[in-house]
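Paired with subunit B in one complex and with subunit C in the other, subunit A is shared by the two complexes that follow.
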Partner chain A sequence: MVLGMPTKNPDAQSKVVAIIAEFDSVDAILAASEKVRDAGYTKWDTHTPFPVHGIDDAMGIKPTILPWLVLGGGITGCLGGLALAWYTNAFEYPFLTSGKPQFSLPANIPVIFETTVLLSAFGAVFGMLGLNRLPWHYNPLFKKKSFSRVTNDRFVVVIEATDPIFDVQRTTDLLNSLTPICVEEVED
Partner chain B sequence: MTTLTSDNAHNPVADGEKVLGPNDNAYQDPTHRAPLVVGKHNFTTITETVTDLNLRKTPKAWYVAFAISNCLLLMFLYCIYELITKGVGVWGNNNPVAWGFPIVNFVFWVGIGHAGTLISAILFLFRQNWRTSINRFAEAMTIFAVCCAGAFPALHVGRPWLAYWLFPIPNQMGMWPQFRSPLLWDVFAVNTYATVSLLFWYVGMIPDLATLRDRCKNKIGQFLYGLFSLGWTGSSRHWHRYEKAYLLLAALATPLVLSVHSVVSFDFATSQLPGWHTTIFPPYFVAGAVFGGFAMVVTLAVPARQWFGLKDFITMRHLENMNKIILATGMIVGYAYTTEFFMAWYSGHHYEQFTFLNRPFGPYSWAFAVMFCCNVFAPQLFWFKKCRTSIPIMMFVAMCVNVGMWFERFVIVTTSLHRDFLPSSWDMFVPTKIDIMMLIGSFGLFFTLFLLFCRFLPMVAISEVKNVTPQAHAHHDHDEHHEGGQH
Partner chain C sequence: MTEQETTQSPDAGNVSTAGKLTGGKLCIPAVGAMGALVPAIILAAVGNYGLTRFMFAYIIAFAFFLSISLGALFFVCIQHVSRAAWSVTSRRVAEVLAMTMPVMAIAFLPIAANVWLGGGDVYPWASSHAHHASAHGEEHADTTHAGNDHAAAAADHAEPATGHASLTARDEYAPDEKKNAHAADATQHAAPAQEVVVDESHAQPAVTLDGHGRIAGVIDSHTEEIYTAKKAAYLNVPFFIARWVIYFAVWIGLSFTFWKKSVEQDSTGDVQITRFLERFSPLAIVLFAVTVTYATFDLIMSLSPAWFSTIFGVYYFAGCMLSIFAVLILVLSFLRNKGMIDKDTVSKEHLHDHGKFLFGFVVFWAYIAFSQYMLIWYASLPETTFWFVARGATTVAADFNTWSIVSIALVICHFFIPFVGLMSRHIKRTNATLQFWAVWLLVFHWIDLWWLIMPEMSVNLKVGLVEILTMVGLGGLFVAGAVWVGSLNAIVPQKDPRMTESLAFKNM
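And now, the complex of A and B:
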């Protein structure tokens, strides 16, 4: 989701960046999502207090590439852990302990396992935040009082002005036809 | 909008089952799924019930509890001061028993730290939706327990300012840590566990912090909740990646949680000492950790649901489920205790046999008796439904297990060390005042952190609880979900 960048100049004219429609149930938001998807919009989103089952299909969201980032993190952690153990104990500072080999895989498995998990977890968390473009502390949607209830009990459809088929009148009409609680313009 | 009620659920009275209260969902009726949330709740009331605990004026009782736990924390800091200024002689550690209380406390706290991630990760993968009400504060408990655990080995090194030697950091001596040592594995395991648990807890909390941001009225709260909720908007495109990240974290945390206490047990099991040198330790330690961790969750959950009015979310069924896990893991622990004795006899190894006779009949037989009664006998009460659903009895058993699990580590550490191969090196271990104050003081650190969490962070995973209510699901294709809630 890309909305307008923060306005630095207070004199700049505010313009409509999105139109939002508010709903109060899961059924309504699912039905609305299907209609907006079928109308051909691409730069739009729904905002819900919890992940709604079936909304991915209703909106046509493609599967995320996140698992590959986690795999990348895991491979890096695995090889990194292996390299660390080998470099420190067998190459840079080899020392003999109880006649054990300088380097053997079994003795190093626990550390390699932990570094694998650690970097995979970093991949999952920071990958998710990165793909979601978070943290992001300015968002014109937050100016709308009704929007504050999406983290509570409301469901909102947002169609952005950057969408190629966006038109203030026609988009408003479409959203009104979905029987929302209200339809509002978001300005920035 | 429908409301979630237990009214339309099957009435247990008709089957002649005992009713525990107006909001009883602990009945056994396989034809109906019991609701996970009782009382008349919809999305709005779930949000309000949980966030009001953070947004209301601080209750006086909280200040009292905070003051008491701060006193204990100060005592802990005083003990650390004594230790650093005078040296490890302030402890009762002596030559055969070099590990003493610090390692006992370390293993105790790390063990407690296992229930949180077990609830969040393993129960998540098994689709045990009842976890949603208790996972948040069980995870918080995990992190605070790991904080307490981490303090002890760092202090036990004797010169804590040199604790960085534990990490593979280039240093002035040109030396590196020993990667073949289980003590180093422990450093990696515990630090990874602390980091991943913290990330898991925080990621789970982001949507709820956004809820607090949107409901908070004061400027400082708005700023801080806004900062830590990272600009979360509840976008479905974000939720899609968020859920995937959460699933992957759960899948990663599951082997991690099993590995951590296994690695802790390697500290013992890879030594040559009779009583420690045994292959049963990793599974035995993991089962014990889950056992002790769940007992601590029950210990915290029972007063929390009472004082914070969370009985609709943390229902009797949740408590009963936890008690069943305590019973199951308690049986595994009891089985492990018995197996150890069998193996000592079967090994034909004199030193091993002596160690295991010395445990129940030697000078620390009282500690062994406390351990065995608390961990093996007390949970047997949970075979009875009446005991599993009785608040006083479950608190009694949970307290027994908390005490018993500390004594388990005391028995393992002390009885094995104090009489080793050579009778001329035998000695008794007697804890000093500082030892005991430090153990009690670590609870001060734990409760201080826990009280701060209860005051400022959402104690129940709001978005997850909403997700297990019937109205969170589209009605046209899931008709059966009208009725009950769990799926």
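And now, the complex of A and C:
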């Protein structure tokens, strides 16, 4: 492929990976989201310039499991910190410090506290990245003009081709019925 | 504040936020409840400890209700300094609770009287003997080399302390009625000046050593006297009274300013009021921090005048914040159930946020409580450990006493159980469970104060009708004050510029 001269082969047309619909108001995106949700789509998302109240309900998003990951991290950190304190102070290298018992809970609590907080935070940060499948180095959406104003004043709905009930024609028709500004196909 | 917000103010009045506390008649039973103080006094008077018992119960109850007033004041300060919108609909309740401060000032009078009449039965430094000793203590400090504090001397002498010394300390400490022992001891030492003046060997704290050679740390009453004497410039009756006048002047002034200005906005809707309170609240927070720290030293810490802990004010502050969020949850739920506040004005979303703060301050309390304990435990200096030994909060089995069970109960029931219990979002968003934990934490907040205060009277657990009736009596006064102030105006701010934003508040 020569730069500036993309080869265009109609037969080997790149596959449609998603369909994007652009809206210009909060009300429109909320209404559109409800329709898409009710149509039974599951692999889809909305992109807005700011957090929109009620978008979770409109999209039918289930509560995240992130708190459980944080709890898991916290418990691991708590027990790990305790084990670390025991192993280093009381087992592997017992050393008398200011007349305190080798394994003494009050002295170990700061360590346990810190490891609990650390692993909870890891659970939150890496759990969030994992659940969002981040980071992505490439996303075909960025090639689309409709998507460029999503950080400014536009609201978009993106339905992915991996959705079980995705069909280029029917999905496009559905999105067109929601009175968007425009509907585009996203190629890989 | 943005310009957009300022233009919102006229609309806010149109929303159905016209909450009104119509409980004027609640004042009468509340005032009637104050009658419970009478049987409390009689019951105490015929008991072993006499009126001293009542005074200790009274200080616990006073500290409990004062913590709610102070927590409310700080809550209001924080909402203004952070320009919070979510809390606007619940802010008036806090303003009203903070306005119980004048009532608390009246409630302080019996404590002032006790100190003024100089019995020293409650605050040892207030006794006439303490005055006597302190005068010499001052001399002593002046005549000997400055900066040589007894703490250092004590530490040096701790080393050679023998089993003999430990026996003395224990015997002195063992009697059930510590105060009586103290008084008896005081008469022995109420001797000529020479005896108090510099005899370093007398200054050494008698130290108990446990089986492992660790210092259990109980100071004898003679050492306690010398430590107390060094503090006489601060811990004396006139200065104590003067400080409390200042505390209440500051607290009443701040509470009144926040409440008055907020009420004024109900009718005028003037955005300048919000701006003024935002500028005013940082100053209020500084004044609050200083006064609360010293008030805690005076009210609770000076019950054991030889003891010192710089974090003690923060410890009480943690209790203040815990109790105000618990009380806000209960009061707001009550007002919603009675239809005095619309269920959408203070919604599940707002209560959820109060619940988050309640959870947060459970952790904060534990953090502060442990910080205080760990440093004293780790350093193991007799002049600070004796306070925890008196509460049986020790890792030395020989020092366990009846208070030990309360010390352990606080760790478990004031931290671990509510920490796990309040963690879930669903529990904070369900009214019944949130209220359950609010009540639970208020009960343990009281037990916490009881644990701070009562061991100074008795080394054995003391709780009974006297404490309960005193709580009912002082609670009556507090509720009557709050209901009266609350029924003067709308119980929800009417034209706050952030009202619309507050009503729309949702947890994401």
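For the reader, a short list of remarks on this structure follows.
Keep in mind that, in the parts below, the second predicted complex is superposed on the first by the 175 of 188 C-alpha atoms of A that agree within 3 Å, B and C clash if a C-alpha of one lies under 4 Å from a C-alpha of the other, contacts with A are read in each partner's own complex, and residues count from 1 in each chain.
Here is the rule we go by: a residue touches a chain if its C-beta (ideal position, glycine included) is under 8 Å from a C-beta of that chain, and two chains touch if they have at least 3 such contacts.
Worth saying up front: this structure is predicted, and the values here are computed from it rather than measured.
Per the definitions stated earlier, placing subunit B and subunit C onto a shared subunit A by superposition produces a clash between them.
In the overlay built on the shared chain, the residue A:128 is in contact with subunit B alone; subunit C does not reach it. Within the superposed three-chain model, A:93 lies in touch with subunit B and out of touch with subunit C [touch as defined at top]. Contacts of A:107 after superposition: both subunit B and subunit C are touched. Of the two partner chains placed around the shared chain by superposition, subunit B is the only one that A:139 touches, whereas subunit C remains out of contact.
Once the two complexes are laid over each other on the shared chain, residue contacts for A:67 go to subunit B and to subunit C alike. Contacts of A:85 after superposition on the shared chain: subunit B is touched, whereas subunit C is not. In the superposition on chain A, A:48 makes contact with subunit B only, while subunit C stays out of contact range.
Within the three-chain superposition, the subunit B stretch that clashes with subunit C turns out to be 325-333, the only such case among 91-99, 289-297, 325-333 or 361-369. Taken together, the two structures place residues 51, 53-54, 56, 67, 100, 107, 110 of subunit A in contact with subunit B in one case and with subunit C in the other. Looking at the complex, you find that subunit A touches subunit B at residues 1, 24-27, 30, 33, 45-56, 59, 61, 64, 66-67, 70, 84-85, 88-89, 92-93, 95, 97, 100, 107-108, 110-111, 113-115, 117-118, 120-122, 124-125, 127-129, 131-132, 134-139, 141, 148-153. In the complex of the two chains, the subunit A residues touching subunit C come out as 51, 53-54, 56, 67, 71, 98-101, 104, 106-107, 109-110. Against subunit A, in their complex, subunit C makes its touches with residues 212-214, 370, 373-374, 377-378, 380, 395, 423, 425, 504, 506, 508.
Across the interface of their complex, subunit A is touched by residues 1, 42-44, 47, 168, 174-182, 184-185, 188-189, 192, 195-196, 199-200, 203, 207, 210-211, 213-215, 226-227, 230-245, 248-249, 252-253, 255-256, 259, 263, 266, 462-464, 466-467, 471-477 of subunit B.
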